Amino acid sequence: MEMAAGHHPIVMEKSPYGIPPGKLAMWCFVISDAVTFSAVLFAYGYLRVGSPDWIAPFQFFPTIVNGLVMTFVLLTSGLTMLAAVEAAKQGRTAAGTRWLWATCALGALFAVLHLLEWRRMLEEGWRLFQNPTGGSVHFGAAFFSVTGLHLLHVIGGVIALAIIAIGFARGKYNRIDVEITGIYWHFVDLVWMFVFPLVYLMNAK
Amino acid sequence: MNSTAPAEGPGMKFFVAVWIGLMAIVGVEVFLTYRHLPPRELLVLLLALAFVEAGIALWYFMHLKFERAALVWSLVPAFIFVVFMMDHFWPDAFRMASMKLLER
Amino acid sequence: MSEAQAHAEVHHHSPPTSFIGKYVFSVDHKVIGLQYYGLGLLAVIIGMVLSWLMRLHLGWSTLAIPGLEKLSAAGAPGNVMTPEYYLSLMTMHGTIMVFFVLTNVPFAGFGNYFLPIQVGAADMSFPHMNMMSFWVTFTAFLVLMAAFFVPGGPPLSGWTAYAPLSAVGVEAGPGQGTGQTLWAISIAIFCVAQLLGALNFISTTLDLRTKGMSLARLPFSAWAWFITSVIGLLAFAVLLPACILLFLDRVAGTSFFIPSGLVISDKMQAHTGGSPLLWQHLFWFFGHPEVYIAILPAVGIVSHILPVFMRKPLLGPRVLVGCMVAIGFLSYMVWGHHMFVSGMNPFSAILFSVPTLVITIPATIATLLWIGSVYGSRMRFTTAALFCLGFISVFISGGISGFFLAQPSIDTYLHATYFVVAHFHFVMGVAAIFAMFAGTYFWMPKMTGRMMNETLGKVHFWLTFVGVYCIFMPMHYLGLAGNVRRYAAFTDDFLSPLIPVHQFITIAALITGAAQFIFLFNLIWSRLRGPKAPDNPWQATSLEWSTTSPPPFDNFGGRQLVVNHQPYEYGVEGPDGDYIMQTAPEAAKAR
Amino acid sequence: MGKLFGVVLTVITLVSTAIFIFHGNLLWLPVDISAHGHGVDHQLMETMYGSGVLFVASQLLLGLFVWQAAGRKEGWKYKTFPGGAKPMVISAIALVGIEILTLSFVGSRVWAGVYLSPPDPKSLQIDVQAGQFAFYFRYAGADGQFGGLHPDKIDEGSGNFFGLNPRDDVAARDDVVVASLVIPVNRPILLTMHSKDVIHSFYVRELRIHQDIVPGLMIPLHFTATQTGRFEIVCTQLCGLGHYQMKAYLDVKTQDDFDQWLKQQEAAQ
């Protein structure tokens, strides 16, 4: 494997995983972030197990339906992300950029849907610390902190995607950068696959 | 699992199929939710399905399948180990309920 | 191959010219390493002064300490420390030392400076992220320091910040206001910095090794930094959300860690249904690996320096690396031994005690390997070497008491006594500090281009070595006698007779602390006036010694390095003495 | 320099050990007044011997090797430890392995004896309330019934430390609330401990017993005292500015004295 330090080409030892540092670092980040999410989800489970007065307030409509739509949007954005990576691999920069923007848009849509749902719940009187229907106050705490943490990741991802899309179009970033972004974006997607059942479905009336 | 640098993926058609599969699993999850099973069973089923989904996403969407086995064997066990250790929290979670300060 | 471009882009940066670019917002891992070292130095001085104040108060609880009123009028009216201010100082001492000294210097400091050099890279794989991780750490430090000056005073719930004391807010008493909130914020920020650092360390170690630097040829220090960063990657990932939840409990009214029906100073709390044990689990899930984050780099540094001065390779190098890996792995299975009496399920106590005892096996193997390596050597007793030997000694003394604390049945008696204080100060505090000293005397020539003064260094060593034993050995007796820790003063009829022992410890602490200023003077004086250092003053073999002192911006001047040898080939027929550099040509191998 | 290191290390080791040995009371422990305590002390003693030998041996060995390493001539060809790393690994695994196996086996049984064994059904039940910065103890009184706890009713001023509600709660009326723990000797005691604010801890050195009192939980703790006398109960979990002063007394009386005392208290309520 070749690399350039300063201006002289330097011969390197092979990477044991055969992937560049950026990708390796992203994989490590994914694992560490997965541990972070697990910790929060474990805290949620811990308190739920400890609260006999837990209530499951979610109606099929609007909450679960909305959740399904959000899931659909996020999974689709995963698909467009894959398309972007494929295009980048085949060197079709224009197509890749387009797919990146599509992913970015879907991510933004997901965030908007989520924020609208938050607003509705806040209007109904849900808070981090209170619970209009009575029962354990941990519901609000768990719901807003878990989904909030995920939402932060989505928003961060949307911003990253925008930056990468611009840079990729200008040739500032190469296909590996797109692939790395893809890993992150699919991870956000993957986390949602746990958040949706555990936070939404487990709390459906 | 090939052991050279990232190979070319199987192409979009396949990924669309996977995507449909994932949506189907989500559908099953919602269906199960409204079977009104006892929470414990529902939890087990949902978690099982979630892990399947996660596995698929990891394997195909995140291209783990197309990386070296070594990467898989470094990342996945590490995570599973940590989550396994975290399960030591549960006994105390149950104590919370069983030893609650009662207003006798 | 296209990965090549990735490397190239990551790496293509030319030396900065502006002062800011060179010394402040530098992307050069060497400057960043020195910045971490400097921050650690500042932190350790503050931490040490705090411990002085605490010790004085413990020895003579009515003593007026001139000028203390200046630091905090409320905390020390008439220069006499109040109990709550004692607890604040103790909390700050613990937090500063554990996070900003024991984690920063041996891992982030020396690691940043020498990991890339030891693997033969021009820089870390993400220089900008590296710079960011330092400045984030620095921010965390400033936030923590701010806690000294906020109304209500610094936090006083210990570096473990047990909820609900740390979570319910001002009603719980002084120090539970802004101070505690700042603590939570500071530690959360610190976690982010550590995660960034860990990503850098891991990718650098695995992907930026120069030709011939196979994993088997990595020096022990590089191995230790790598293993440590893997531990940190998973441990800090748990502390981060824990601190966020604590923060929410404090400011957003959630009740993650606060149970129902608390009545604090006759005021019923609004919080309901949380669990204090949840905080302890989350905290110690990070907290125990953190102990090894502090000590493993120290183990690596010592194992790296010892052979240089023994002029012989260490016994069983692979076994030693294996031990480090085993310790890292086990560190995730034992956090519950901090919670034997915490109200945790008593069955778990047994589950946690067994792996805790098992950790003593790799630790013992490592220790025996060091001792056995000293056998049959002709040692060069430089200050660095002495500190390495001192490290082994205190590591044994501290490790031994682990046998006691690992057993729930005995821990029920010793928990939260000075026995515990003695244990962790020896094995994690003093041991790691000794490794830092060893590293400093050993690497300073490379880092600054100046030799340090050996005479001053030896005086510093002897005072410190004897001093720490005078400080921490007696704490074992206090602990066995049932002297509870975290007491601002000893008023019980039971504890009063033990005060003379505390006074002895205090005096020892003052003298030992004063001795550290010899080191500080040596550091500064040598930096300015010390004799110029040759490229390889110790006839050492690893890569950092095959470049200039200090190294150029890209470490090796763009030379192609080829590594042909194991890292510790001492006591052999070499081209220029009884050693063979890792970069020496294949032919140089005599055997 | 190396010889000096050897000497200093030896001196440090011997002095540290001597302070244990010549202190008279090898473990510096206070008297043990509990039925289970001898198990703990024995376990502690075992560990002390085992680790003590390891400590002295390894320190002296290090000192010796360093001493030797100092005396050698220029041009010395280094010697490797006979057998290399293998003996180290084997001895470590064998010695330490055996030690920790026995320790954890015996130790777990001692632990189980205290914390996993069910309380004696005939044991005397006492309710413990910890708060910043005092302990309070409650006896069921004549009816043998404890009144319900209502945190909202807690009022230090009027001395309602437990939050009892004597008006509506018959059981609560004759509950005896005192500031020091008085127990009969040689009778199993079952404490039910809870905290009204933050985490506190119940630590009686002489009873060799130690348990955090976690708010929100009712934590049981049972023991039997085997000697009469007056001992200290101290808080060992950092609970705020008054932590260092948070203590109560444990009075172990003979059964008769105890009954008499309880009568007086009931009369006083």
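A few comments on the model shown:
As written, the chain order gives the labels A, B, C and D, with residue 1 at the start of each chain.
Throughout what follows, contacts are C-beta pairs under 8 Å (C-beta built on N, C-alpha and C of every residue); 3 or more make two chains touch, one makes a residue touch a chain.
Bear in mind the structure is a predicted one, so any value in this text is a computation, not a measurement.
Among the chains present, the centre nearest to the common Cα mean is that of C. Between the interfaces A-C and A-B, more contacting C-beta pairs are found at A-C.
Averaged Cα coordinates give chain A a centre that lies 34 Å from the centre of chain C. In whole angstrom, the spacing between the mean C-alpha positions of chain A and chain B is 15.
Here the CA centre of chain A is 48 Å from the CA centre of chain D. The geometric centre of chain C is 30 Å away from that of chain D, both derived from CA atoms. Chain B has residues 5, 78, 82, 86, 89, 92-93, 95-96, 101 in contact with two or more other chains. Shown for chain A are the residues that touch two or more other chains, namely 16-17, 19, 31, 35, 39, 46-47, 50-51. Touching of two or more other chains is recorded for residues 151, 215-217, 219 of chain D. Here the touching chains pair up as A-B, A-C, B-C, B-D, C-D. Across the interface of their complex, chain C is touched by residues 5, 78, 81-82, 85-86, 88-89, 91-93, 95-96, 101 of chain B.
Taken together, the chain B residues at the contact with chain A in this complex read 3-6, 8-9, 11-12, 15-16, 19, 22-23, 26, 29-30, 33-34, 39, 42-43, 46-47, 49-50, 53-54, 57-58, 61-63, 67-68, 70-71, 74-75, 78-79, 82-83, 86, 89-90, 92-94, 96-97. Residues 82-84, 87, 156-158, 162, 164-165, 168, 172-174, 259-266, 268, 274-277, 310-312, 315-316, 319, 341-343, 346-347, 349-350, 353-354, 357-358, 360-361, 364-365, 367-369, 371-379, 381, 386, 389, 392-393, 396-397, 400-401, 403-404, 406-410, 412-413, 415-417, 458, 462, 465-466, 469, 473, 477, 480-482, 484-494, 570-571 of chain C are the ones touching chain D in the complex. In the complex of the two chains, the chain A residues touching chain B come out as 16-19, 27, 30-31, 34-35, 38-39, 42, 45-47, 49-52, 60, 64, 68, 71-72, 75-76, 78-79, 81-83, 85-86, 89, 179, 182-183, 186-187, 189-190, 193-194, 196-198, 201-202, 204.
Residues of chain D touching chain B in their complex: 146-151, 194, 215-219.
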